[in-house]
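The same chain A turns up in both complexes below, where it pairs with chain B and then with chain C.
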Partner chain A sequence: MIPLLFRRLALGFVTVWLVSVIIFLGVEALPGDACTAVLERDAHGEALAKCRTDMGLNAPALARYADWAGAALQGDFGVSANGQESISQIVGYRVRNSLLLATGALSVGIPLSIFLGTMAGLWRDSWIDILFSSGAIFAMTIPEFVAATILILLFAIWLGWVPAIVLTPADAPPLEFFPEFVLAAVVLTMIMIAHIMRMVRSSVIDVMASDYVQMATLKGVPYWQIVFRHALPNALLPAINVIALTVAWLLGGVVVVEVVFNYPGLGRLLIDAISDRDLPVVQAITMIVAATYVGVNLVADILGLLLNPRLRSHHMGHR
Partner chain B sequence: MTAPAAPVRRTRALTTLRDMAARPSGAIGLTLITLHLIIALISPWIAPFDYKEMNSAVILGNPGAGHLLGTDHLGRDVFTRVLLGGREALLVTGIATPIAMLWGGMLGVLLGLRGGWIDEVLMRLVDAFLALPGILPLLVLITVFGSGNEVLTPTLAFFFGIPVIRVARAAAHEVVARDFISAARARGHSPLSIVRREILPNVTDTLLVEGAMRWSWMLLGFSALSFLGFGVAPPTPDWGLMVSDARVYMSLAPWGVLGPMIALSSLIIGINLTADALAKALGLDQGRKAVI
Partner chain C sequence: MTTQPLIDIRGLCVGFRGRSGSMLPVLHGIDLQVCRGESIGIVGESGSGKSTLALAAMGYLKHGLQRISGEVIYNGADMFTRTAAELARIRGGQLGLIPQNSGQALTPTLRIGRQLDEALRLHCALPAGAHTARAIDLLTQVRLPDPAAILRRYPHELSGGQQQRVAIAMALAGEPDALLLDEPTTGLDVTTQAHILELLRDLARTRNMAMVYVSHDLGVIARVCDRVQVLYAGETVLEGPTRAVLKTPAHPYARGLLASIPRLGESTLPRALEGRPPSPGSDRTGCAFAPRCALATDHCRAIHPPMVQGGTGQESRCLYPEQIAQMDMSGSGAPLSCCPRNSPLALALDTIAIRYDRPGSFARFMPARPGPPATVDDITLTIPQGETLGLVGESGSGKSTILKTIAGLLPPAQGRITLGDGTALAPRVDKRPPDQLRRIQMVFQNPDESLNPRHSVADILAQPLSLYFGLAGPELRRRATEALETVRLGAHYLDRRPGQLSGGEKQRVAIARAFAAAPEIVLCDEITSALDVSVQAAVLELLNDLKARHKTTFVFVSHDLTVVHALSDRVAVLYQGRLCEIGPSATVYAAPSHPYTEVLLNAVLEPDPDHAPHLLTADVAELSPPACGCPFQRRCPVKLGQRCDTDTPPWQKGADGHAIRCHIPLSELNKTGRG
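On to the complex of A and B.
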């Protein structure tokens, strides 16, 4: 099992490294560089040459990649193209805000989705199941901005319960986000619940049909004891990977939701950076998201290995 | 030998289609898709107004009196724009989805068949690309190349083909292990002919269902890009862009967002229902246990 863990870990590092190479090469292939971006119209002659020497842009690409990647490993992503601000500083608050939103959504979403999924799975094909499952399919299918807009229309405009958008600045203390970010968190929670619930449901159905659950039933073990002691621990195992994917999605893929609610997280920063063509910031965000994605999935894989004795014995190919 | 093969396959396509239409999900899904395709094709001729005709007399006008869904912030007819608003999305995804399935599917099958170091290296690259979730890689590429259909179509075809590699590779792996492949190898068939005659017919079902799902995801991606302002350029009507424009005036004119949202959602739901029915009709739904 130890070699398997190491293989997973190594694969994770290779993936992140490849992402960094792809991103670096992508930016490298662009016309113009950090100096033409900073100097704009003054980018010619002596000023350009001086800037390139100052920023070390005359070094060969490999050396510059090593510099960039080395600094990024220590959390230093350089300065943004237009503002001359430290990227780590701008990104820092945004990461915190995105984490805040994700924590809000996860702390409600995970328990609720496990509960709903178990109910739907135990009472398969009942009206509860049909209600929950079709609701989940609906929430998963419609675009994120449609779900968000419907909720704003309903709760912010028609009922007036919560504010429609977030106006708190990015560097405000976490508590100040509280009433404003609720609707954004609800949208994310809804989509998340839909995904995890479906997984839990089908997993519960599988486990309840298994031999050992039938054995326990025949032995006369009370129904709820079977559900909680025998079925659920095994049924939740496959859900770990879906939860991991959802966490990674929450941290990186919530671009649209953050834009809809004007929430000052990583996703909106990315959109702003793209509109400004601020490549260093885009580079930094992409790296952070990719590293998070790989890291979270790695943790899920390792947890899965530790919790599931069956996977420990034989080598698992990547399917 | 090849002559009788064609009618057999056509019959199978027909029975699959019949099977799909007999299920509620397939019937609703196919109807929605057909309806959207017909509207997309004939909307320039049936739309009651010109989509860029602004009428300053009826800015954010109420539904009724000629304007079925009211007017937007520039006094343009919302109903006309909803009718026309899917054309760009259907055109781009309609071209990009088959390309994505084709290149991703072929490469995946070849990798699954060959294995070795090329497989190992390319799969690591696939992992790296997939480590950028959601529309993030699309956004990054748009930063580099700018938006517009001529950029979006190849970009979508490229990125949505990457996960297909994995699916096709896994499907090919499953087939490769079976006896009839060993038999074909023993008979001395070339790898190409094994792919064409033994493996492809066995993975096309999986790829068809995958393709239907990819289409709906691509539509989601396309409309999200439009919504964020990186897709279709105004004044061309597009659902994502319309929602983004009308959102500001939502409290005064909710039909401005409701119209395009219902149109877009009904198309995507239609595709998903169809994909579901297709999976069931092809007998690929063993693990899913879906209700509908």
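On to the complex of A and C.
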């Protein structure tokens, strides 16, 4: 199993490296560079040449890639094109804020969706199943900006329970986001529940029809013990990968929801950076998102291996 | 019997609601009484309702099934009216179930120890501290080696026979009064099957348990049951003492079923039982078996026969029980078509070795370590045109692996395969030119998996025809119809999909697909083992016919020695991927043979109450071949000593191309043979 982990880890690094090359090349291919973005209308003649020399843009592309990648490995993404601020610092707060929002959504969303999926699967085709399943599909199909607007209207404007949008600055301490980010987290939870819930539901249905659940019934195991000991550990295995994708999606910044709620997360920073043509920031965010996807999926694979004895001993070599 | 029955099933009808909304019965008024210490066999084809009956005895019906009428009385109360808590106490306690496929019936994420402990916790009065000791005790009772280690294993880490033994131990944990066994040994090797049945016989005797065996295999029933009930289309057609039912069956269906079983003693093919049972919900005015019965008259089709006394203690649902004895039920009379002597070569395998473990991308950079011995090693075979070569051996003997290598699905690690005209076959199927592909065709074990469910039969047959012969349009359709006719299916099957065919019909379509390519060599991988015996006999007859007409060369793999015996000209016996014995079928099945062939033949069960298998006491299946010496060294009952562990035995040539790989001289082997 250890060699397998190393192989996965190595593959993960290769993936992140490839992403970094593609991003770098993409930025190279774009017309203009950091200097044209900073200088805007003055980007010609001596000013432009001086800026390029100052920023080291005249060096060959390979050398610049090596510089950038080397610094990025140490957590230093350079300075943003316009404000001359440290990117690591700006992005650092935004990552924390996105993490905060994702944690809020996941801590409610994962247990809730597993619970709803299990109930729907156990009472397949009953009114519980129809209610849960169609409710989840409904929540998933409404576009998130519509759901967000409706929630704001309902809870912020009519009922006045929570603020409509987030006004806290990006670098505020985490607790200050508390009542403000609730609506955003609720919208995210609504979107993610349907995916996980439907996966859990179909896998619970499969497992409950399996020979070993029938055997457990005929061994005289009470119903809920069958569900918790025999069925759920097997039924949740296929759900791990769906959960991993959801987690990665949430951690990577959820652009629309952050923009609607004015939430200072990674997604909104990305939108701002793109409209400002702040390419170093775009590069940094993309790298972080790529690394997050790779990391989360790696964790999901390891978790799958740990929870599934068949995979585990298969890879350890004794079948 | 005068004693009170332990389980008393009366007039049980079970059905499901069909698409039209009407109730379609699968069990019709079944009566079954089982007393303490008695073992009853329930026999029938697939779909006869025998498993439903066994589960119903525990008050359990599969999803979608409902009880229509009747009752299952256990301990004075109907199982179907008991509360969930009462059922949970009885199931796994007084009534134990041994499932068909223990590999799937054990929860994959729980260690054996936890699953046994659960059974003990629920049904055993012992304090929790004594559970482990009791679990080890149970595993020892079912003769599992190293029980303490097995407790720590997961189900997939055990072999099929070990899983079955664990399931038996689990059923015994509740100290049951009765065991219900749903095809307890189907899918196991002959040797493992024989051992498990002996174990169950012993347990029944020592614990005075009642046993209900559900099986399609009359050989199993003959070995373990006192009484037999034969089910046909959800209804009991024959009931009586095992000996009487097997010797002088008083129902034409039982007669036909017995005749369709291939036997080692017969030199002709078994007689197939044509037709198939009516589907649930079809008209039941006449006798359900009448459409397939040679004795049927208009009277049979008009009235539903009652159960009547049929002599020798049997009760039969037949109007003419006295005529049954006159039915001709000896083999089909079809003599085995034999391959002409000295015909030219069709296929040659030269010192083939096959490995499953391939060095991964990382291992290549590591220092080379001596790997485990090859899965299949040193296979040299020459097969003349028109011959049927049978490959036999237990699971894991590498017989299917060799077929895959011939087909190019698994490249050999070493050695080469040549066709009769000297063309060397490329190791991988994607490197072979279309003509080579056409010349070798394969038929797989399970037609449900080898036929695409979304293709019609016409599409399935069109593939080889258009691929190898470039046919299209009406000509393609004509040739597809012809291909169907070679397997005795009518043109109206062309537009059906596999889902609309019975198991036997599906396998015929798979055979037709192989023959549509006009192949020289057909590889058959356990092609009858998923079929009922009656259908199996028909498929064997078909293959024999094709062999005679097309002069095709067959390589026929089966774990069933009687099936291989029925069809093969020559037989090769494999153990752990190494050849032990090869020779003409009649010679291999007679003494002298390799000690392993001896073990296999001795374990064969025949549907004959006077036949008992001879078993070795401490015989356990192995998972990998030894590094050197004779592959059979660890299990051999007549092992010589040191020499068997270190030296690869020589081929000893007998008459007619018979060869045995053993250190014991042929003349000595003769004496150790059966007799």
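The rule is simple: the second predicted complex is superposed on the first by the 307 of 319 C-alpha atoms of A that agree within 3 Å, B and C clash if a C-alpha of one lies under 4 Å from a C-alpha of the other, contacts with A are read in each partner's own complex, and residues count from 1 in each chain.
What we mean here is this: contacts are C-beta pairs under 8 Å (C-beta built on N, C-alpha and C of every residue); 3 or more make two chains touch, one makes a residue touch a chain.
Here the structure is a predicted model, which means the values were calculated and not measured.
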Larger contact residue set on chain A - chain B or chain C: B
Which superposed partner A:233 touches (first chain B, second chain C, both, neither): second
Which superposed partner A:134 touches (first chain B, second chain C, both, neither): first
Where chain A meets both chain C and chain B, residue numbers: 318-319
Partner chain C, residues of chain A touching it in the complex: 3, 6-7, 209-212, 214-223, 225, 229-230, 233-234, 307-310, 313, 318-319
List of chain C residues in touch with chain A within their complex: 55, 58, 60, 62-63, 84-85, 87-93, 97, 99, 101, 104-111, 118-119, 122-123, 154, 156-157, 167, 170, 174, 360-362
Of chain A, residues touching chain B in the complex: 11, 14-16, 18-19, 22-23, 26-27, 29-30, 124-125, 129-130, 133-134, 137-138, 141-146, 149-150, 152-153, 157, 201-202, 205, 248-249, 252-256, 259-260, 270-271, 274-275, 277, 279, 282, 286, 289-290, 293-294, 318-319
Chain A contact footprint on chain B (complex, rising order): 123-125, 127-129, 131-136, 139-140, 142-144, 170, 173, 216, 220, 223-224, 227-230, 240, 243-244, 247, 250-251, 254, 257, 261, 264-265, 268-269, 272, 287-292
